[in-house]
Structures are given as structure tokens and as C-alpha cells.
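Dropping the structures in below, format is C-alpha cells.
In what comes next, chain A is part of two complexes: it sits with chain B in the first one and with chain C in the second one.
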Partner chain A sequence: MIAEPRHIVPPGMLDANLRVRGRVPYAIDVVLPGMLHAKLLRSPYAHARIVSVDATRARALPGVHAVLTGPDLAARDDIFPYFGPIFRDQAVLAIDKVRFVGDPVAAVAAIDIDVAQAALDLINVEYDELPAVFNVDEALEPGAPIVHDEPRRLGQTFADIIVRAEADTNVCNHFKLRKGDVERGFAEADHVFEDVFTSPPVQHVPMETHNCVATIEAGIIRVTTATQMPFAVRASLAEIFKVSQAKVRVTTPTLGGGYGAKTYTKVEPVAALLAQATGRPVKIHLTREEEFVTITKHGVKIQMKTGVTKDGRIVARKSTCLFNTGAYADIGPRLIKNGGYATGGPHYIPNVWVDSYAVYTNLPPAGAFRGYGVSQAAWAYETQMDMIAAKLGWDALEFRMKNLLEDGQSVMTGEDMFDAHFKELLTTATARIGWDPAEEPRRNGSKVRAKGFACIIKGTVTPSTSTAAAKLNEDGSLQILSSAVEMGQGAETALSVLAAEGLDLELGQVSISRPDTDVTPYDQGTSSSRNTHSMGTAVGMAVADIRRQLLALAAEQLEVDPADLELVAGRVQARGAPSTSIAYGDLVRASRSGNLLANSVYASKGGLDPETGQGIGSVHWHQAAAAVEVEVDLATGKIDLLRYHAGVYAGRIVNPVQAELQTEGNIAFGLGQALFEEMVFDGGQLQNGNLGDYMIASIEDMPQEISLGILEHLESNDIHGIGETSLPPAMPAIGNAVFRATGVRITDLPITPEKVLRGLRARAVEESAE
Partner chain B sequence: MRGSLVFYHPTTLQEAIGLLGEHGEEAKVVAGSTALTILMRQRLIAPSVLVSIGAIPGLDGIEERDGAIRIGAMVRHRDVELSELVRARVPVLAETFGVVANVRVRNAATVGGVLAESDYASDPPAVFVALDAEIEVRGPGGERTIPARDFFVAFYETALEPNEIVTAIRIPIPVTGSGTAYHKFVSRSSEDRPCVGVAALVHLASDGTCADLRVAVGAAAETPQRFPNVEALAVGQTLTPELTGRIGDAYADAIDTLDDMRGSAWYRTEMVRVWVGRAIETATDAAADRSAPG
Partner chain C sequence: MTATDPSSPRTSPRPVDGEGKISLTLRVNGSAERVRARPNHTLLEVLRNELHLTGPREGCGVGMCGACTVLVDGRPVSSCLLPAALAEDHELTTIEGLEGPNGELHPIQEAYVEHTGFQCSYCTPGFILATKALLEECPDVTRDEAKAYLAGNLCRCGSYVKILDSVMDARDRVRG
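Coming up: the complex of A and B.
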């Protein structure tokens, strides 16, 4: 019997001190001899045919080393100038057409940014403007301008996605879910509700914008880039340059935030093509304005129809989700699956029907964003849950409690729920803010206070693969080779803890590598709140292998049966006889293998049936609840957050400090999106693409009182992702509280003071008419 | 091209004015550069000559003189916010500078900068207008003084003549028995610029009636808005909620509000109505506190 491993509780992020002192290098800090700087010329039109691009004058400007244009790239047959994780629909530089304001059409590499910028002004592009579409309804109308009229270039697709693109339409992909018999469900229902909910596009606003440095040396394409997915970038560069993946090397230092923006290929291809053209290292570093049009969160319109019985059970739900995926698909075709099935919510509903669409428009591309489609879905179902309770005069909490999933009930994708903690999370959350269904909103002058809550379910990417390697050195220290990306979330600390525990080492005796595709083994990517679970499991497996090797070696050296040995503080010792022991380092030396090596593969299983969306949606289900007390100024519509409780299920909490920080980060993201975040477009032109005009939450916007409930159940022996989980309930919880305070129901995010005031005025008119 | 940018650091006003004259349209004054850098980076302006006024002595003082507080053009927002003198004599000014942006911006942005920029969505201008401040400027033709209410002309446009530099602002210290207030209303993040900002001064006579009322509304239109004819409704009257409400309504009616991402014209009008009333109430309370015996 192996004793329960001791749990290490780290003091927070291991390199926090270095980070706050600016001693941690980021990709933007890379400076190479002879390095050039790249700038992109971007389209001023939302949709236009490129008639001609003339870069003659730019090329002649002193200090300019290369200018690339779309037509240049299209004319070459040594490259394949397209990328995109599912469809290869995005040209490195626009070929034939531009599809959004900001679409790159030409690239310059010059001795400095100013020269590169000046060269852009010397490039003449002649456009022939085309009619454009910006919202999903327009885009789906018959006769609408078609954003991608070329045949779909499908790449090697993901195991978990089914592509159902409709040619000659703007439908980029369609996900279907059919559980039970939805029409029979509605027939059984005593009440049926149908509502529309919308969420606007928003920006991730990572502090570090997209950037990379590319070189081509001795036939090896080398890129140091701020990406959450080094292996996806490698695959994409190999495809573009038509070389084997072994000829591409991607390294990734720590990121200055990702939030999904840095998944898949972004600026790497253009930098590598410029490096190839110039024979020099080329750096590209997007401005904040460029970041705003590089990738966004999907704006979504969800039509949701829900049937309930008079005793409060949900019997059927049908939703149509229109995700505005912008001009290029990015990961939209897969995100609509997660966002689509998520509309089933954390409730047991026997009959569910979902049609979820990714729709092309002439807006900047939308892709992964912390919450991955689930925020938009949760905004719809948790708002509607409250609307139903209000209309039928039910206690909103009791209505939830009747329907929240329990172990053994089938989730929307058909598999049985296990390790369910929704009820516990919501009970705690509502108790912490003193929820009482009988409590009336409290009025003080023009201000009124009330409470609201929400509870959500989120899947994590399934199936998915993480691999790791472990090396135990001759001094007994442990190195983990992993491609987990550190982006401030504490990946390195969490993996250090898990590795150290496996061999009973101190944290200081363990190192975790940074991703380097030449050296570190494959990982699918640091996204989807999966790293601590997925890479953590892989690391645990590799370390367990080292442990077996140590036990076998020690059994030989100490002449003790392996079953009677234990690992204690860097030594293998006979159980109950600490004097019979040997240090790991001595075992490594005795083995004469230089180091002990182990490799591991963790591949989760699952996937959904293409026709029914039934199968294994997620390897386990992430769960969260939020409860909030707001104060609304009835004279202005302005909302203040007084108290906020965030509850999330963690399975095991590996790093308490960072689990709390991730959860607080989700509150900040959530309240910003609830109250004011929104990318505003006019004719496809972004109106607030900088941080003076686009607002994110500041520390002063945080709720006056925050409580966190990070739920641990060690007996489940599982680690649940918490990086995104507590974000989606924020918006509906706040909206529900605002409704209770004011009687104004907002169904289109954000809940601005102006919308609330208009709602209050409309109510006043209605009341006086009565 | 930005490469050809020349940066001057004159040490006298004379020299600075000379440089501006010499380079004409190509030249820009630089103070804290919080606004200028953004405009240049967004390529909305592309000056080839920058004239810093940071090395000119005498532009960075705060002093009391002839019943007014005089603040030099290069004084930082943060210094106004923390100045003991300002807090004692014109507390509303310290409060207003304290609600601008965040501490990073306040540590760089200057008083001359916020005046010369004339951004409709800045906080201090409404207070300057309400308090009848006067702006001292110096140009090729010598010195002159411009009342704050005449200084802000339109969007990003002031009464400054070409080659004139703001050197200081004088804010008369409100008479004893008066109370002041500035309410900044933000409709998005707490660090946003105002959706509307209202500055008010109320002077109460010994019988509790209003001897003087001044109200200026910022961020609602191109320039700070003040209506003496509406202010006059209060004189000799007791400031009842009914009366402040009427004054709020009159301001709401009088201002042709603008429309931006912080609120539509309709919403701004409603906010003017609410915040004019609230600012008068706060100022009245402050006046009552100050005139209360003890």
C-alpha cells in the first residue's frame, strides 16, 4: 500500500516576486541581432475586391527590407498562404478580397517601426467595394452578400467537430443537438416561454498584445511567440511553408494574458514569411488598436423556448443560436458546439433541441474567449429561468433546486452526470448574500437594493491530449518537460506542486520547462480550463512512472520488497525503518542511466454524434454559481455591486491563492461584460477600438464585498478547471438582481444605465396607463 | 514620418513663443503629454516640432494672491488634488482633480493641458466655469486674461490665438457662506471620463435664502454650459427641492446634449436634469454647514 501523498500548498505563484519586479521575460522582450520590425497595411473597407496592390514606392524607401502583398503570396507555389484551425479560410495577407475593416493586405519589414509605418503610407491599394453584412440576421437572408464565396478549404479537422458548412450561404458551421422528443416535451408542458437574448462582441484585452519574432536559419523556421498553442502554430507554419513539422520550432515564453485570444495561429505566418523574404529575424508586435480587430468574443443571438410543468419541472427546451463568427472562422465552427449544447444548462431536461450556427459576417473574426460560448448561453438560460419564475410567481431558487442536475441524471449531451455539486454551490451562494424569497427590494431615497443569482455548467474540450516527460537527475532533482503555457494563471506552480507531491520533493527541487516544440512533448493547448486537469494528469503519470523506477531500483539496492518501501523527502526508505533508506540521486547514479526518464500520455475520451449531439460532451463537468446584491439608482439607472459571492467546484484545489485569483479575475471579466463592455461598430468600422473608448473593469468597479467559495471534494480524486468556470454566471446573476430591484428586464447585454432608465420610464408609462 | 520629429526644451516663455512662431502649424506645445501622445500615436495629428514647456521656471506654483488661488500651467492634476492650500480654500477644485482618470494619468496631466485640450469630456472645465476662473495666457503680443466661460469655444477649440501659451489659472476663493460641489457621473467603468459632470456654487444669505447660484454642466455639450438667467431663478429664494428641480429642468431644456458611447442625447438630457439638482443640493448642504455657527 502506498501512503496518501502529502498535499503541498504553495504560497501563491512561485515567481510572483520576479513578475511584479519586471524580471520575467516575455516574447516582446526578445531582441535578436539584425532584427527587423514588421507593420501591416490593413483594409479600410469591410468588404471589397482587391483590384491591385502597388508597393513599388514602399519597396524603394530606404530602410525597407521587404514588402509582401496578397497577390505576391498567391502567385507562389512553394507556400500555401492560408491558415485557420478548421477552415483554411484566412489568407496571411488578403488575396482577392478583404472581408473586414482591418483585414491585413500588405506587410512591411523595415529597420524600425517608423520606417515600416512610413512604407505603409506608400503602398497603393485599389479596391472595388462590395456590399457587406454585419449582423447574423442580415447575413442569413436570401440574397445576402456572401463573405466566403470560394470553396471551403477544410484542413485536417478536430476529432470533436463535425463540419456542416452550407455552400453559397454565410453559414460557416451548424451544430445539432437532439435529445429526447422536444415536441412531445412541449406538449407535456403547462407553460411555454419563448425569448431572445443577445450578447455583443467584446475584446479580450490581454495586457500583452499579439507578438512574435521569426527567423529562418539553416532551413529551420523558428518562432518565439506569445501563443496558448505552440503545437497548433507549428502545424500551421509547416503547412504554410510546405515543410515537415520537424523543420518548424516554436518556443513560448510566459504570456501577458491570453483569455483565449492567443489560441491558434495569428501573427506568426506573416512574421515567418517576412523573415524568409529578408533573411533576417522579424518581429511583429500589434498595437492595441490592431489587437481589437485580431480576435473577439462572438456576438450572439439566442432564441430560447422552454416548456415547464405546473409543478415546476422543465420538460423541453429548444434553442437557436446564431454566433457571429466574423470574417474568418477561426475556432468558431467548434465553439458553436460548446455554446450550443451549453444552452441545455445545468438542469435535467429530458427533451432538448439545439441548432447552433456559426455565421460569417464582415466583422473582425471571433474565436475563443474565456467562457467559450458558455457565457452567451448562460446569459440566455439563467435569465430565462428567472423570467419564468417571476411570471409564474415561483421562488426563483426553489425553481432552480427542482431542476438542477444530480448524479445519474442525463446532461444535455446524453451522458450521466457525476460529481454534481450544483445544488451545494447555489445553496451556499444564495446563503452568503442572505437570499430570502420573501425579502422586498430595499429602497433608500432614489436607490434600491436587491439580489440575484445564477448557476452554470461548462464542458472542457473533449477528447483532448496532453503529454509530458519527466527526468530525475543524479542529484535527485526533477525536471518536467511540458508544453503547458504559463500565462499568469500559474500553470508552472500547479504542475510543480503535482510533480513534487508525486515524489515527495520540495517545490524548489522541481522545474517545469517552457514550451519548445523541438524539446517538449505535445500538448493540445493551454485553453478550456484544462491545463491543471489534463497536463496535471500527464505529469502525474510521468512522475508515477519515475516513482516505480525508483522503487524497483531501491528494492534491489536495499534488498527490501518494493511493497515495503515508501518515498519520503527525496529518499526511498523501508516502511517503519527509516535507517534503511537511499537518496534518489544515489539510485540514479547506481542505475548508470544518467537520469531516470519517463513519458506519459493523457488522452481523454469522448465526442458527440453528428446528427444528435449525444455522446460524451465533456470528460467531466465544470460547475459554478454566483449571487450578487446590487444597488440601482432609479434616477440614473446606474448599478453598483454591493456584495458578490462566486462559487466554483474545483475537485481538488491545487493552489488556493491562485484559485482565488482566477475566480476574482472572472468576477472582473463578468461584471465588465454585464455592465459596459461592448465593441461598437458602424458600417463595419469599430468605433471604440482603443482603451480610451473601450472600457474594461477597473479595480474600483469591483464589488464592495467579495466572498469566494471554491469547493473541494478530495474524495472525487479529480481536478476540475476553474480558469473560466465562475465567469458565465456573473452576467445573468447581475441581470436578475437588477430586475428584482427595478422590475426592468434587460435581455441584451450590456446592462447599461441608459437601458435601465429607459426600462424604468417604459414601466412608468405602462403603470400610469393601467 | 515620425523620425523627423524635433523636440525643444526652451527655458523661457519668450523662447517657447518664438519657437511656436517660427514653426507655425508644424509645432505643438507639450505639457504632460497624456493627450498629445495618444493623438500622435493614433495619427490624428502629426506635428514635426514639439515644444516642451516643462523646463520653463515659474509655471509650477500654487499660491494664494488677491483673493484667488493661482495655479501654474505645469502643475499636475495630482498636485492640485493634494494641495493643502487648494483643499482649504477651494476644496471642490481638489476634489474634482482627484476624480480625473486614475493616479497614473493625474501624476502626468497638467492644468494647462486640460485647459488647452478643451476636451468636452473633461472634468475640471465645468468647475472653472462655475467658479468664474480666469486664464492667464502669454503670446507674441504679450499677456492677457481670458475668463473661463469664454475660453472653451468648441470641440477641442479654445480662445487661444496661434502661438499663445497658457501660463496660469486664477480661481477666486468663494466668499464665506458659500458651498460648492462637483458631481462626476460615469455611465461605464469608474475610470471613464464623465457622461455628465456638474459643478455648483451656492451662497446662502444669513436668512438661509440663496444669495448666489452658479451651475456649470460639463461633458453634455461641446463646451461647459452655464445659464445665468436660470441661475437667477434661485436668487433671494429658498432652495427647495421643487426649485432645484425646476432649475434642473431648465438646464435640461437649455442644453443641446450630444450623443456618444457614454450615453445618447436623450439620456444625457435626463442626467443633466438629475445631476444639476443633486449638485445644487450638495452645494447647499455644504454652504449650510459652513455658515452654521460653531
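Coming up: the complex of A and C.
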């Protein structure tokens, strides 16, 4: 993909100087003249019919400029008050029904937050409470309360989406995968194992919560928002306001974290509607408590049946995945596809059958979350791999090595694997923690140490599209117009590197724009670990076009055949005759075009058959392994991470420092989900929706020793995404180590001390009974 | 990290204006700033909304994440918990006060740049100010001590390994 031999190694992040001074601007820093502040009134019920909303007193409060309610929006025919990337099932403010505790019912814009907050207390909402469903089993029972009893409103969506909605049930979507003949596979198996694995909903907790500022001036809806998908937000606002996309302008500064939370439309429509109602700029900035009920990781129950032969080959797998997608679909209908096919794992399995469901419930909506369903799938299959090995007395590593995919073997979605590095990753990971199948857990007092590991496969959204533009200026500087969102992953630095390499420029001669839908060309979104690959390819193509233009211009100016020219340090020169050369800027001036321009489109190909789930699941396959040594205190159940090795395949590493940071970040993210993160609900009411009660990993939770194996194979001529890849193996690797240390097999995340102690007690009771 | 509890020396009630605001004088980054704020406004709200200092940032609103950390007489405080009125008569330092007059980096900031001790960097001002307080309290701090001290600052990107590298390097730079 990148033809240039010269590789620039950047020094971390290019705008580091601004970042350590606290001067890199986020959306929350935007202040506009006359700006009002918005607050949302949210439902106290999980499921209720809205009888009436009376905002008379709130509207009369001095300082209040507008109050909007669901019935107000429903009564208008100049707007379409619904959004959602696949189904338009989420009203900007609840219309007819509320569907989760926290569902927005009314919105206030006032001169400051205090007044807006006071106005909320003056809005009277009368509800008629309805029976609610919270877990997937209840939601699928015949006669269960139906969360969405209205017809599904399917809108324009992405190329890879497969929809199989079931009316009059809580099935929001169903994905099917049928590879080989699974029943024949089970008939060939000598042993069949069937287990159930669950993961709870957790929250992304970006340090910067969702926020935006909206204005409407001269018919242009303008929003500055903390989003990973400026173009999805633009499309959604155009649809809501019934205007052309050209009348909506979305700009995005750097984000204070995203992790999937900031994909698709969230707070932008309500801010824009308030801006329209007031004629003023309106800012909304969610509190941490609100953030918790805005979007979550999917809780899931996965039933997994796996057949193996006595010589250790996996011959069949059948999974049923019930993803709890909450009250609104968001991107759940796609996530259950990626999470569903992911249950096939990184192993060659000739016969695979998957039924994966997104199930509506009366919990906060679930959507994209770093790992995108693969964490939940990997928790199931990599835990079960260890369970099978333990029951049959096999070495867990050898069992995996027999089955890990190699080039040319078909993956679960049917295409042939290529650029496979699973075995290398897992071999390195286990070697780094000193894995020895014969090693017994080491006990010291009440503490016992043991090791575990896991290996995963992850797709990236396919097909997908990134476009870019390049401008070479008269001074020889290069501007890249891209809608890649910088959210801490180093998108701008990585793209600068790729652009600079393409024209042999210094990093300082390249600038990367921030997304502005009026100016920067389309990108599907900064998600799915796709940016450096997809946008990087688009940028490379645009720069290659500029390069061709430079060569043609120089050939004319220097009277040298283009084939005999090369680009060196901002000049085009005759090969072997550096004295015959001309600067880029001089060529731009000679062209009399003001700047050299290039546009590019990178659209990956693929997609799955809607009946069989076979086809091209991913343009390439992301691969990772983790190995860990834990210490468990048998007296308290407390788990400490002593050693952790994270291995991930990168293709080419564009920015080594950032690659390490993302991988280390996955360790922090993963250990939290392994050991303590869980959103706890009681009757649909979140019990721990704040950072006092909901723990995320602190610096003290990090493993005592960390090693990274970021695997590079330049001959692959590809760049793999690593933003999410090393996350999914964390949870099963830790769970497998805890099992070896304690004999307690936990199949429901997180692995808390309470569960370990309960398991130890249950084992003690069993042993005393024997 | 816990908030300090600076007791205000004032005893008489202050005049409240038509918007319910009182007048305050805060000493921020070496200069005295006169601001108006409601008695319930936190130091964080006043720093951001009245003084337009964007380095301190809200992360949790309950003093658990450290993103809003400022130094009050050199000690790290969660500015989201401290009523602005109680910050009068104290020396306040935000991240904006650490750099030199022409944007020159403080040695601690240099160390964070050198090791890229951040990703999205939303939490970075808090970490850097906590590091400053740590190194003043404990110039010879060890890696484990630094870990314990910084446990009240959360980084969701999980840049902790490189944050610790930054802190250890900052210690050497500050100690000289």
C-alpha cells in the first residue's frame, strides 16, 4: 500500500506541546456570544406512557429562553424528530413513551446552567407506568412487554448492514452465519461442550462527556461537537430538519476520549432544535451521571457449543448470542453481526452456526464500544477453550496451536485467511510469561500465583469508505484535508507521517485539517480501528496524485523524462544529477494553479451474504494475544496482576510510541472489564452511575510488569488497526489465570473477589462431601 | 487526593447582586482576578466560565477523577468540589500558570512531552499539577510512591505506563 521505502518515525504526538500546556481545544471550550446552556429532563421510569407534559411554569422562569417537549416535536411537520444510524427509533425527546430510566423527555435552554436546572424542576410530566423488561431472556418470552410497538423505521444506512428485524417482538435484529454443516460436524466430534458466558453492560467513561454547541444562522445549522463521526451527525441533522446535507455544517475539534461512545448522533439534535427555537447558540454538556445512560457496551449472554475430536481438532461450533441492545438500536444491529461472527474465533473450524440477536430492553441504549462485540465473543470462546483443555487434560497452549488459523484456511465468514500471525503472537506471549504446562500454581501463605493466556481475531468494518484531499502550496507546504477525528490515538500524527513520506517532506511541512463537513471530504468515521489503514490509504492515494503532478511539471521545467526524476527533500531532481532540480514551490508557481490539488477515494470491498453470513467479513483480520500472571489471595479473593504481555499484529508500525500507548491503554481498559467494571441496575435504575461508585482502572491497578509485542511485518505492505485489537484477549487471559490459581471457573464477568470466594467455598463444600 | 478545607477568614455576609452573585477576588497564577459568582459556584466553574482558563476540566463532578486538579497553596485540590468563595486568600495555580511567559515548558511538562505521557490529554493538566505537588513534597519519589500518589488521577486512555515514565523523568529534571 505504501510504496515509499523511507519511513519517518515521529516523536510521539505532533501537538504534544499544546497538550501539556492544557491548550489543545476541545468542544467544551467553545464559547460563543449570547450562548445559552441546555439541560435535559429525564424519565424516572424504565417504561411508561407519557400522558402529558406541562412546561408552562418552566417557560415563565426568568432566564429561560425555550423549553421543548416530545409532544411539541411530534406536532411539527417541518421536522422528523427521530434519529439512529440504522433504525430511526430514538426520538430527540421521548414521544408517546419513555423506554429507559434517563430517557430525555424535555429540554431547556437558559442563560446559564443554574437557571436551566431550576427550570427542569418546574416541568410537570404525567406518566402511566408500563411493565418493563431488563434482561434478554425476559424480553424474548412470549407475552413480554414490547419496547418498540411501532413499526420499524429503517433509514438510509451503511453498505455492510444486514437487517432482519422481527415485528411485534423485542428482536431488534438477527444475524445468521452458516458455514459448513454444523450437525455433521458435531456427529464427527468425540467430545461436545456446551457452556453459557455472560458479560455485563459497562460504560466507556471518556473523560470528556458528550457535548456540543449548535447555532442556526442564515439557514445553516452549524454544530461543533465531540463526535467520532462528523458525517453521520451531518446526515442525521439534515434528516431531522428536512434540509439538504449542504445546509448542515459539523466541525469537530480533538476529543477527550471516545472508545466508541462518540460514534453516531447523540446530543446534537436537541442542541440544534434549541438553537432554532431561541435564535441563539446553545451548548449542551452532559454530566457524568448522564453520560452513563447515554450509551453503553452491550451486556450479552452467549451459549456456545463446541465439538472437538479426540486428537484435539475443533470440528463444529454453534453459538447463540443474545446482545442486550437496550431501549434504542443505535448501532446494535451491526454490532451483533461483528460480535456474532467473532464467536467463530481465530481457529480453523469447518462447521460454524451462529444466531446473534440484538434484543430491545428497557435499559440505556448499547452501541459501539472499543472491541465492538469481539470482547464479549472472545470472553466466551477463549474461556471455553481453556475449559475444554482442562476437562480433557490437554495443554491449553498445544490445543490452541493445533487450531489457530493459518494462511489459506477459511475463517468463520468463509474467506481464506491471509497474513496470519496468531501462532507467532501466542507463542511469544506465553514465552514472555514463562508458560510451562507442567508448572503448578505457586502458593505463598494465602496467596497463589498462576498464568493464563488468550488469542483473538477481530474484523474491521467492511466495506467502508474514506476520502481525502491534498493541497500543495506555493511555498512547498502540504495540507491534507481529512475528516479523521483526533481522539488521542494520534490520527493526525500518523496521517502526517504517511503524507510526508509520500512527498519526501519533513513532518513540519505537513498539516492535517480537523474535520469540517463544509471543507474536508467524506469519511465514514473514526472507529473500528480503521483510521490509519483506511484514511491512511486515502491520504497516500491523494499524495501519490500530487507526486505525479510534480513529476509531470518538473519534466517540463527541467526537460528530463519523468522516469528519470525523483523526489528528494522537497525538490524534484534528476536521478544521479542533484544539480538539476527544482523546488516543489517553484513547480506550483510554474503551474499557475495557485496550488496543486488532488482528491482520493478509498472504498474497501466485501460484505456478507444475509442468509449465510459468508463472504468477505473484513478487509484484513486484526490479531492479538495476551498472557498474564496473576496472584489471588485465597482469603479475600483479591486478584493482583503481576505480569502482562500484550501481543498485537500491526503490519507496519507507523508511530511506535502511539502504538505502545494504545496497547497499554487496552491493558488498562481490559483489566477493568475483567476485574471490576459493571453497570449495576435495579428495576432499570442504574445504581452506580458516577465515578464514586463505578470504578475504572487507576495507575495502581496496572500490572506490576508489562511487556508489549507489537509485531511488524513490513513485507505484508499493509497497516493493521491496533486501537482495539489487544483489548479482547485481556478478559479471558485473566479469567484463565484465575482458574489455574484457584480452581474457580468464572463465566460471568467481571471476576470479582466475591465470585472467587463464593467459588472457593463451593469447591470446599464439594470436596468435603466427597 | 482530597480537597483542602481552607476556612474563610470573613464572617460578615457579602452583598449579593440581582443575579444572586457575590464578588470575589481570586489570586490565580500570580495575578489577582476579580470575578462574580453565585455562592454555590465551584472554583472549577469560575476558572473556566469567568476566567476562561480551559486547562482545568470537569471529568466526574464528584472529586474522583482529578481532571479538574488545581494547586491551592501548592497542594492539589479537586476544583470541582471547592466553592470558589473558599478559594479566596489562597494562591491558586492552574496548568496555564506553569509555563513561562512565552509558552516555555516547565521541566515537568517537558518530561510529559518527552515520554508522551498522554493520549487524548484531557486529564493531562491534572496529572502534571499533581506531579508538581508530588515532587515538591517528595523530591526523591520512587516509582511505587508515585503510583500511590497519582491513584486519584484517572486516565481513561490508560496512558499510565508513560505517565509514570514522565514522572520519574520529571523528578530527575526538577532535582537537577
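FYI, the second predicted complex is superposed on the first by the 766 of 770 C-alpha atoms of A that agree within 3 Å, B and C clash if a C-alpha of one lies under 4 Å from a C-alpha of the other, contacts with A are read in each partner's own complex, and residues count from 1 in each chain.
Operating definition for what follows: contacts are C-beta pairs under 8 Å (C-beta built on N, C-alpha and C of every residue); 3 or more make two chains touch, one makes a residue touch a chain.
What you see is a predicted model; the values in this text were computed from it and never measured.
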Partner chain(s) touched by A:Ala118 [first = chain B, second = chain C, both, neither]: first
Chain A residues touched - chain C or chain B, whichever exceeds: C
First (chain B), second (chain C), both or neither touched by A:Asn690: both
Partner chain(s) touched by A:Asp29 [first = chain B, second = chain C, both, neither]: second
Chain B versus chain C as contact partner of A:Glu700, first or second or both or neither: both
Touching partner for A:Ala635 - first (chain B), second (chain C), both, neither: first
Partner chain(s) touched by A:Ala500 [first = chain B, second = chain C, both, neither]: neither
Touching partner for A:Ala46 - first (chain B), second (chain C), both, neither: neither
Touching partner for A:Val20 - first (chain B), second (chain C), both, neither: second
Chain C-contacting residues of chain A that also contact chain B: 114, 287, 690, 692, 696-698, 700
Footprint of chain B on chain A - complex, ascending: 114-115, 117-118, 287, 289, 635-636, 638, 672, 675-676, 680, 687-688, 690, 692-693, 695-698, 700-701, 752-754, 757
Touch list for chain A against partner chain C, complex: 12-13, 16-17, 19-26, 28-29, 31, 114, 204-208, 254-257, 259, 287-288, 487-490, 657-658, 660-662, 664-669, 690-692, 696-700, 702, 706
Chain C residues within the chain A interface of the complex: 38, 40, 52, 54-57, 59-62, 64-65, 67, 94-96, 98-99, 103, 105, 109, 112-113, 115-116, 118-125, 128, 147-148, 150-164
Contact set on chain B toward chain A in their complex: 1-3, 38, 41-42, 102, 185, 187-192, 261, 263-264, 267, 270-271, 274
